[in-house]
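Chain nomenclature is as follows: A, B, C and D, assigned in order of appearance, with residue numbering initiated at 1 for each chain independently.
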Amino acid sequence: MDTILFIVFAIVAIVCAFNLVLQRHPISSALSLIGVMGSLAVLYLLLGAEFIAMAQVIVYGGAVMVLFVLVIMLLNAGTEKISRKSWFAQIAGLPLLLAFVALLGFLIRGVLPPLRAVQFGSWVGGTAERIGQMLFTQYLLPFEIISILILIAILGAVVLAHKEFD
Amino acid sequence: MNFYIVSLIKIAIVFGVFMTTLAYLQWVERKVLAHIQSRTGPLRVGPHGLMQPLADVVKLLTKEDLLPPYVNRFFYLLAPFIAVCLALISISIIPFGPRITVFGYQTYMQISDVNVGILFVLAISAVSVYGVALAGWSSNNKYSLLGALRSSAQMVSYELPLTLAIISPLLLNNHLNFRAISESQAGYYLGFIPRWNIVQMPFPQIFAFIIFMIAAFAETNRLPFDLAEAENELVAGFHTEYSSMKFACFFMSEYAHMVTISCVASLLFLGGWHPLFPAPYSDWVPTLLFVFAAILCFLHAITPARQRDRKTFPVFGIAFLIIAAIWAVPFLHFVLVPVFWFAAKAGFLLFTFIWVRGTLPRFRYDQLMHFAWTFLFPCALLNLLLTALCVAVF
Amino acid sequence: MPHLPPVPLSWYLILSAILFALGVAGFLYRKSILTVFMSIELMLNAVNLSFVSFSYELQRIDGHIYSFFVMVVAAAEAAVGLAIILTIFKNRGTLQIDEVDSMKL
Amino acid sequence: MNLWLIPLFPLIGFALNGLFGKRLSKLLINVIAVGSVTASFIYVLFVLSKLYPLDTAHSEHYFNWIQSGFLQVGFDLFVDRLTAVMLLVVTGVGLLIHIYAVGYMAHEGGYYRFFAYFNLFVFFMLILVLASNLLLLFVGWEGVGLCSYLLVGFYFTEDFASNAANKAFIVNRVGDFGFSLGMFLIVIAFKTLDFGKIAAAVATMPVEAKAGTLTAITLLLLVGATGKSAQLPLYVWLPDAMAGPTPVSALIHAATMVTAGVYMIARVSFLYNHAPLAMSVVAVIGLLTAVFAATIGITQNDIKRVFAYSTVSQLGYMFLGVGLGAYSAGIFHLMTHAFFKALLFLGAGSVIHGLSGEQDLRHMGGLRKAMPITFVTLGVASLAISGVPGFSGFFSKDAILSAAYTNAPWMFWVGAVTAGITAFYVFRAYFLAFFGNYRGHHHAHESPLVMTLPLIVLAILAAGGGFINIPTWLSPAFPLSEHENVTAMWISASFGIIGIVIAAFLYVIRPSLAESLKTSAGGLYTLVANKYYVDEFYRAVIVKPLENISRLVLWRGVDEAVIDTSLVNGLGRVIRGWGSILRQLQSGSIRNYATWVLAGSLLVIFVLGLVGGGR
């Protein structure tokens, strides 16, 4: 069952990611990205990360991507225009990317020691309780720092956007 | 294999009851609103308009399916689908009763028992913005777009107090699982005060409940926060361009949201399926209630307000008596009594939704956002802090 | 139900690599700032998948914590980044990334 | 005993006046400035009464200031009998001059600034005298130099004031250079800067018959002392330093700071005692300075300049004293000089104040009726400096001269003649100012009580200060010279009286004779009146060549040709060349950058894979 789920959602994720890159309209890309995120949430569940799976949907699906969609709607962003600039990236990008994936694939298959097989339910470590404990004990300092980061980001966004609509 | 079969059966039952509830919830709403406004409401189709929902369904299904030429086709068609799917999906993790044994098979009265149930509900409610947003944007209509923008901003804003209000009862119960939350609210103080979260020591969650309900009104786009549709300024907001079945999808999703959120509220704050009275008395409460309803029906039949009541009320009375009899069967108690209490609580909250709609006027948009950010959010935060303090101290 | 062999973890890692590469591709080939920004999010997600996968391999939840932090950072980044995009649009009237080049000689 | 409280009070006064003085009323500024010094003075009295009779030095360690390798310098303060004398002089005379300054500065701008600097000066001076190691002493040394600079340049809007301040500062740098070298040499030789430890180390060494390390150290320290105490050849800054307000001249450039050199030599007397050659140099320099400055003093017409040269001359006496090994005599003269020279300056200041800023003796005259108190007190001071028996100057000068009489008779005779010259030119100024007819245009008036009161107190001290037996008090540290030489005493006293009589004859009885003498002296007079052309000589020999070398070699040659053209611009050209190639990379397109990042990460992964693949 989990093999089928993996295959299905991996395919969904890859197709959505391709769609993100290939679509010309930002909102199509945004929806594709939401698809990728949703599929990833399912994969997280398969990997025993239930809290992260839900956080993925809440944070990415419910907050980040909503912002994206809102901005796209607000700016009424249309389809892209063709640009002749940054030709270097367009020429060198694809071969480099292919080499990148090939290299990573080779490393994962050939160099890493044999990894576990994933069986749903064989390890459920990512409960909210354990993550909470880790966050408030071992990772307390990063947690606090990241809270400050969030605060700064809020202030920054408010300042930037406020100037906008004055 | 048993697991799949049982799950399919449960899904079938829940789906059937849920859809019926959605259909009749609309009838109830129209009736209640009518009576609040001293009208009679739907009367023509069936006795007391009881067949009205069916008629509506037929109407919506057979209406011409308009596809305006200027819309963004793909998203225009996708939006209601997303909306209704996301609205219906949350019910799958709501427990309606305790663990039961049917024909030797132990199961929960719940489609699936999810460890992170609350997070799941939050996730779904967070994602359900897309339905509205996409509908408004793809309609290529400025009223729709405005409605969608308003609705998205409103839902994102009210999600914060909603989440904060949910967290405080979680502090008392230490679980994210609905079943565990509900079960930790069993029992009574002093033998008669139920240990529901709304009165749970050390810090009663009454404020959290109020905040949750207010935010829930906004999340479901109900009056007094239905700025997304505001028919007198935005025509109908995000679903202006939708008709027939696609419109019905939005309609259905609104009611599904209402039902889900009422269920969540009763699970989180009102003790789920745990009865108001200690077990020896509460087992007979539904029976007594339905008998009482039957008696009322018969009394009305004796002094009918209208001609036809003379025939219909006795029928209703007999129906109520039959239902009372079913609830009186002792070996069904363990299934039906929890369901009754759960339904009673959710039903009361649903009635509140309708009641408020009939009572309060609509907010202005800036008032709405101002209220969320400068009042509701700080209140929720304060409540959370106080709860955490009390939990930490006691 | 046909019995399928369980999926090795390396598949997850390869999926992560592919998604990351697609994110890079989006970054390199797309013209709209918004899409470029979304590609970045895609890359972050791909990395998160790696974190969670390794967490499974090691049977420790540190990877979950890291991916949690990545999410938080992504949220902060989205808030500020979108505010910047709004500002750019208001000032320049464009969302084409190649047209925002006044730093260039 | 909390010695640190002594310098703390003036520091607080400085901080308050310096930071908030602009917003404070004059009265409050006065209270803070005078009050802080008063508190310091009272605390000094308290400390000394507690520590009396101070047979051994009392030292306190507060914290380690510098800890570097073997060198350890602490923030240590200590009091011995020498310090006690200096403490009383600094705080006591300082207090009187503070009070005086309240009246003198009443109508000046930058009131709070003046008192802030003044308090700061007292603070640094106290650090200087309390320091228990050479480096801390150097802090005070430099601090008083800084205050001197600030106060000489008090009227910094005037060219002459800022020039004089610069001159004082720069000339002192020459001396401090020597001082620093001396300290470095001490660190190398003794591995410490603490007076006690150095003294202990020196005690084990033999007296150097020929020039050696100790001689080098002492001569280098002497360079510092000549700078600070205005001795030949570095005396040139002091007369110009009279550009500052008169209380500054009295406190810094007469009573305290300029005597720091004498104090320092007395403080490290254990070094000098082991370097007789250096001591002879000190004595010779002192004697030469005394004569040299005294002769210039005869021809000056600015009342403050007359006293400035007299200060240089008297400092020469002190150097003569310490150079002859009569340290207690030098310190004794330091103290009495503090009294009568402060009084001279304050009296001069009173005259200037009374004449609304007039400083030229040729425009004074007959002031004895207008300013009776100033007349009397200044007379006491003049008698004291002239060495008239009974007055303080007589005792201290006599102590020095009798030391000279015993050690080197020719020095005694030169010194005695100089005493006569001193008496002459001081009374010349005195008579020109107070006798004869008034030659100025301003309306003369007596100064207010706040100024005359310090004059009276100082006059009492100048008259009777000689009866304080400093040599006996200091005898534990500096053994008394064997015998009082009565002959020497009478000879020097009579020279002083002869000087007074000549002055009286030339400037009171027969004023026209002075003019005819001046014309008959001719070239000699011009030479002396122009201060032997020392300033011009320095300008021609040192300043001009420096300027030329700077301009031609350093600026045109090194800076413009080497640094600017080839290094700075050349580097710039090279970098610009490379930049024009490399800027092709900086296309301004984010995606090109991203491609480079991708290529780089690919390389990193590849290398890591190669390395890790081996495992």
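The criterion applied here is as follows: a residue touches a chain if its C-beta (ideal position, glycine included) is under 8 Å from a C-beta of that chain, and two chains touch if they have at least 3 such contacts.
What you see is a predicted model, and the numbers here were worked out from it, not measured in a lab.
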Quiz item: Which chain's centre, taken as the mean of its Cα atoms, is farthest from the centre of chain B?
Solution: D
Quiz item: Taking each chain's centre as the mean position of its Cα atoms, how many Å separate chain A from chain B?
Solution: 32
Quiz item: At what distance in angstrom does the C-alpha mean of chain C lie from that of chain B?
Solution: 36
Quiz item: Per the centroid of Cα atoms for each chain, what is the distance between chain C and chain D, given in Å?
Solution: 73
Exercise. Provide the C-alpha centroid distance between chain B and chain D, rounded to the nearest whole angstrom.
Key: 93
Self-check item: Overlap residues in chain C, where contacts from two or more other chains coincide
Solution: 24, 28-29, 98, 101
Self-check item: Where chain B touches two or more other chains at once, by residue number
Solution: none
Quiz item: If you look at chain D, which of its residues touch at least two other chains?
Solution: 587, 589-591, 594-595, 598
Practice problem: Considering only which chains touch which, label the overall pattern as line, ring, star, complete or other. | Solution: other
Quiz item: What are all the touching pairs of chains?
Solution: A-B, A-C, A-D, C-D
Self-check item: List of chain A residues in touch with chain B within their complex
Solution: 27, 31, 34, 50-51, 53-55, 57-58, 61-63, 66, 69-70, 72-74, 124, 127-128
Quiz prompt | chain D partner contacts - residues on chain A that touch it in the complex | solution = 85-86, 88-90, 92-93, 96-97, 99-100, 103-104, 106-107, 110-111
Practice problem: Please give the residue numbers of chain A that touch chain C in the complex, ascending. | Solution: 1-4, 6-7, 10, 13-14, 17-18, 20-21, 26, 29-30, 33, 36-37, 40, 43-44, 47-49, 51-52, 55-56, 59-60, 63-64, 67-68, 71-72, 74-75, 77, 80-83, 85-86, 89-90, 93-94, 97, 100-101, 104-105, 108-109, 112, 114-119, 123, 125-126, 130-131, 134-135, 139, 142, 146, 149-150, 152-154, 156-157, 160-161, 163-164
Quiz prompt | Residue ranges of chain C touching chain A (in the complex, touch as defined) | solution = 1, 4-15, 17-19, 21-26, 28-32, 34-35, 37-39, 41-42, 45, 48-49, 52-53, 55-57, 59-62, 64-65, 67-69, 71-80, 82-87, 89-90, 95-96, 98-99, 101
Exercise. Using the touch rule from the top, collect the residues of chain C that touch chain D in their complex.
Key: 24, 27-29, 36, 97-98, 101, 103-105
